[in-house]
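Structures incoming, each one as structure tokens.
Both complexes shown next keep chain A, but they swap its partner, so chain B is in the first and chain C is in the second.
Entry: the complex of A and B
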């Protein structure tokens, strides 16, 4: 039982990062209509920035905020300079984001190097709750993610802005006629999703070492999570992240660790073919082309 | 110089029945716009000059390294012609195309290791297998469109690498497989680099001829009709599903040929050659060159393979340069470098205006 609880916290903390990137993708893909393949690189840059700032002597939690803001600014720049021009041609935007991901990945290698980076556990405490040892940082990661998920969920489903955003997804022209500044919302969603990627990167480096190539691995999991849950569906992304985390945990525990990456790929292909709108329902993505 | 492009603007329609209107519109969509292709004399001159240059290349004394890169460029271009066909003509993009080349290469290598089949005997099997796999991966295109299909191809590619890496001795795991040299034909030994070059070049000419013939044929026009408006094409009685799978299988044939040539040039293959990065570069090359143009894929392959060499870039810088090129091409020149060259040519000679359609790089606008 003790080991089970420990494993649960560990798996949850790993799933947290996946959920954060999944929410970013689900919002940007499902609500802003942009397929951003560089999103994993955004996360990696968030992690690298955190590593750099912590290495320079900054407190981890301050660095986390700065990493989020930095990646948010990066997202703003990318949206304004690149994706803005391909809003009506999502396929071009997709191909362009692949180019962006190659650029960012190798720019990081150029600035730092291709070796893995890690930071020491910023909290360094182990809590004993009811006889169970829990690494404090992992619990904090789960808590931060839970707060972000709650804010995002209520922001999208309850707030005025979320309603306007969903209106502009279901009918852009009408939403514009109603006075909703659709383009500004698209930019806003893109920035918010990027910010989450930055925070996700900072949380990730507090758990494991990352390399410049981490982004291209985690992006697949991010897409899997968002497509399993249904695009634009925050709750779906959370469920997707938990399912994927569970599958990974089980496969690692029951003897086929070398196939771990394959499961998310197979699940994603099956979902795309059988239920393109996701298990919990969502938009079909930009223009459902 | 270019493939006959189709006219995007559905023109005026007479007061006809719905069906006749649809047919009119389709005729406008698929018509080989006579103003667009360059004069036949120019096309023929370009073809002859290009062929002469490529045939003369080994005698220009450019050195071993240059010829090696040329071989790499050419077998890549052969694979790209398949991708160019499915994307440029039928509008189905894939970012897992290297995996399809890998199917051909691994099929040939496994036949060689397990059954001792040589280059010539394993080639048809490898090409057929690539075509079949191309068709099977293509099945989802019947259900999902555009971006979803791209993500599926990417997953397939990643999955293929995992399967190869976990395949034990059958696929050689992460270290891969080795093969001997190409079985010599009477009097021609393919161990010599220039002979290997001519082998690859002959395959390139085949690919070019096939692409050209498909482009001017009724089949090519049907594919373009599907690209421009799938539902309209369906409504006038085109079997869209069959044509989509068909073009993906043809694309698989090209990929299989390219994969086998790659295998017998390198003599050693490993899973990383066919993973996500090579696939993304193939997509980049075809976008860069211009998928709808006859020489587009070749130009894309030449630019991407020779640019780092010419500019003397290290791998990291050259990858950054690729990315920047891709962004610039999509933002500024959606028809690719070929469209740019053609526009410049037309501006200089005052020839027919090219209609660089906004959709030059986008199949499913």
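Entry: the complex of A and C
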């Protein structure tokens, strides 16, 4: 029983980082209509920046904020210099983002090196409750994710900005006629999604080491989460992240462990076949005009 | 005047060509194919680092005296981008366009085998540090007309390395545990190399009396906690993190936090990295390097080598010691060329390598190629004292004389 509960606790913290990257993707892909395959590299850069700052003596939680801001700025630059030119041609943007991901990987290798980077556990505590080991930093990651999810959810569903954004997704032309600066909103979503990736990278490196290639692995899960939940749906990304986290944790614990990745992707395929709009429904994603 | 100008130009061109030819005559072109980008970059960079150091040392010492000429090594380094197709293209270029006499690399089995299909027919020697090449190096393949006649495996066969490692791990851990260890879990990445290597290591542990469970994880896993929790439920005496040093460095701290086992073995993690990262465990931890450790080697020549290797700017990584799978062979090859007295007789060089030995850095025992073009040397295993990051005790156990039961020796 202890082992089973331990697996559930593990799953929750795994799900958290996945949820963060999933939210970023679901916003950028589902609302701004940009397929950014370099989003995983944004997360990786957030982690690398955190590693660098913590190595220079900065407190982890301060570094986390700076990592988010840095990657947000990177997102702004990428959107202004690259993706704004492909808004009407999502496939071009997609291919371009693949190129960008490779460039970012090798830029990081050039600046640092190819070896994995890690930081000392910022909290360094393990709580044992009823035979279950709870790593304190994992609990903090879950808590930070919960706060970000809440802010994002209410920002999208309740705020004026969120309503305007959703109106832009429903009908871009009408939204523009109503005076909504759609282009600026797209930029804003891109920056916010990138900022979340930066924070996700910082949280990730507090749990596991990262390499310049971490992003190319995590991006698949990010897209899976956003599609399972429903594109553009923050709540959907949370549900998608939890589903994948639980499937991962329990399949690794009780199934064939070497197939762990396959289990979660099978679940994704099944959900997309049975509910193409995702579990909670969402937008139809990018539209070429 | 115009004719004079033309004449001068032709003379200058002729002189330049003559100089070019003269320089080419004095150079020994050697190729290096390694991953300098892509996922194998950690291992690939070590080949380049070793080649640069060896070539520099040989050239600084005056070069290689072959017959009445002295040759300086000229390296042609190509990045295979961790891609088999790029590897093949690079091999074709080095063999057909540049005319290298030998190639060092690559770091992975499949790529090496693909390269051998190009180097073999062209009679270009190939030195690859894959323990897995044992699966293809047999009597027929290395015969005079065989497709691997010019290929050499610069790392021991896997059953030898596994046997040496298993003996080293158990000899260091047994005195540290309350009772002799009986149950081992081998935790390994589920890729072709992981499957191949762990199959031999499991047999080697079983031959040492261990009950072994094998748990495989998907490559690129970063969160190992679900799998480690599963292993904790198996109640092992030792968890052996096998094969991929980077993955091990990710999984091991997670295992410590979850208290998975009373002792651990980390394959391919150098004591130097353990120390640099200030890792600490309250239980005994062993680690091994391929082939000897840069962080805590008892051999002065190894320490000297790594001082020079890192002095050239190579990064300190968990796989830095892999560079030694390539370094010694430059000197051995040079020695064979000097003995043969010609650089254009690869068959004679192969014959000379097979009948000679070489005492280098990688092993205190002179290296010898067996009839299948493979070497034998021991693997160094070190144990870090509990609650320390820098107190190491190392052991070098010689490989077994024969494969263990159930291991076909491939």
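Following the convention adopted for this analysis, the second predicted complex is superposed on the first by the 259 of 289 C-alpha atoms of A that agree within 3 Å, B and C clash if a C-alpha of one lies under 4 Å from a C-alpha of the other, contacts with A are read in each partner's own complex, and residues count from 1 in each chain.
Just so we're on the same page, a residue touches a chain if its C-beta (ideal position, glycine included) is under 8 Å from a C-beta of that chain, and two chains touch if they have at least 3 such contacts.
None of the values given here were measured: they were computed from a predicted structure.
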{"item": "Chain B versus chain C as contact partner of A:207, first or second or both or neither", "value": "second"}
{"item": "Partner chain in contact with A:11 - chain B first, chain C second, else both or neither", "value": "second"}
{"item": "Partner chain(s) touched by A:110 [first = chain B, second = chain C, both, neither]", "value": "first"}
{"item": "Chain B versus chain C as contact partner of A:277, first or second or both or neither", "value": "neither"}
{"item": "Which superposed partner A:268 touches (first chain B, second chain C, both, neither)", "value": "first"}
{"item": "Contacts of A:248 with chain B and chain C, given as first, second, both or neither", "value": "second"}
{"item": "Partner chain in contact with A:3 - chain B first, chain C second, else both or neither", "value": "second"}
{"item": "Contact residues common to both interfaces of chain A (with chain B and with chain C)", "value": "106, 109, 258-259, 261-262"}
{"item": "In the complex, chain A residues that touch chain C", "value": "3, 6-7, 10-11, 13-14, 106, 109, 113-116, 118, 120-121, 126, 133, 135, 204, 207-211, 213-214, 217, 248-250, 252-254, 257-262"}
{"item": "Contact set on chain C toward chain A in their complex", "value": "37, 39, 41-42, 45, 190, 215-218, 220-223, 225-227, 229-230, 232-233, 246, 249-250, 253-254, 257-259, 277-278, 315, 317-318"}
{"item": "Residues of chain A that touch chain B when the two form their complex", "value": "35, 82, 85-86, 88-92, 94-96, 98-103, 105-107, 109-110, 216, 220, 223, 227, 258-259, 261-262, 265-266, 268-269, 272-273, 276, 285-286, 288-289"}
{"item": "Of chain B, residues touching chain A in the complex", "value": "93, 95, 139-140, 143-148, 150-152, 154-156, 158-159, 162-163, 165-166, 276, 280, 283-284, 287, 316-317, 319-320, 322-327, 330-331, 334, 358-359, 361-365"}
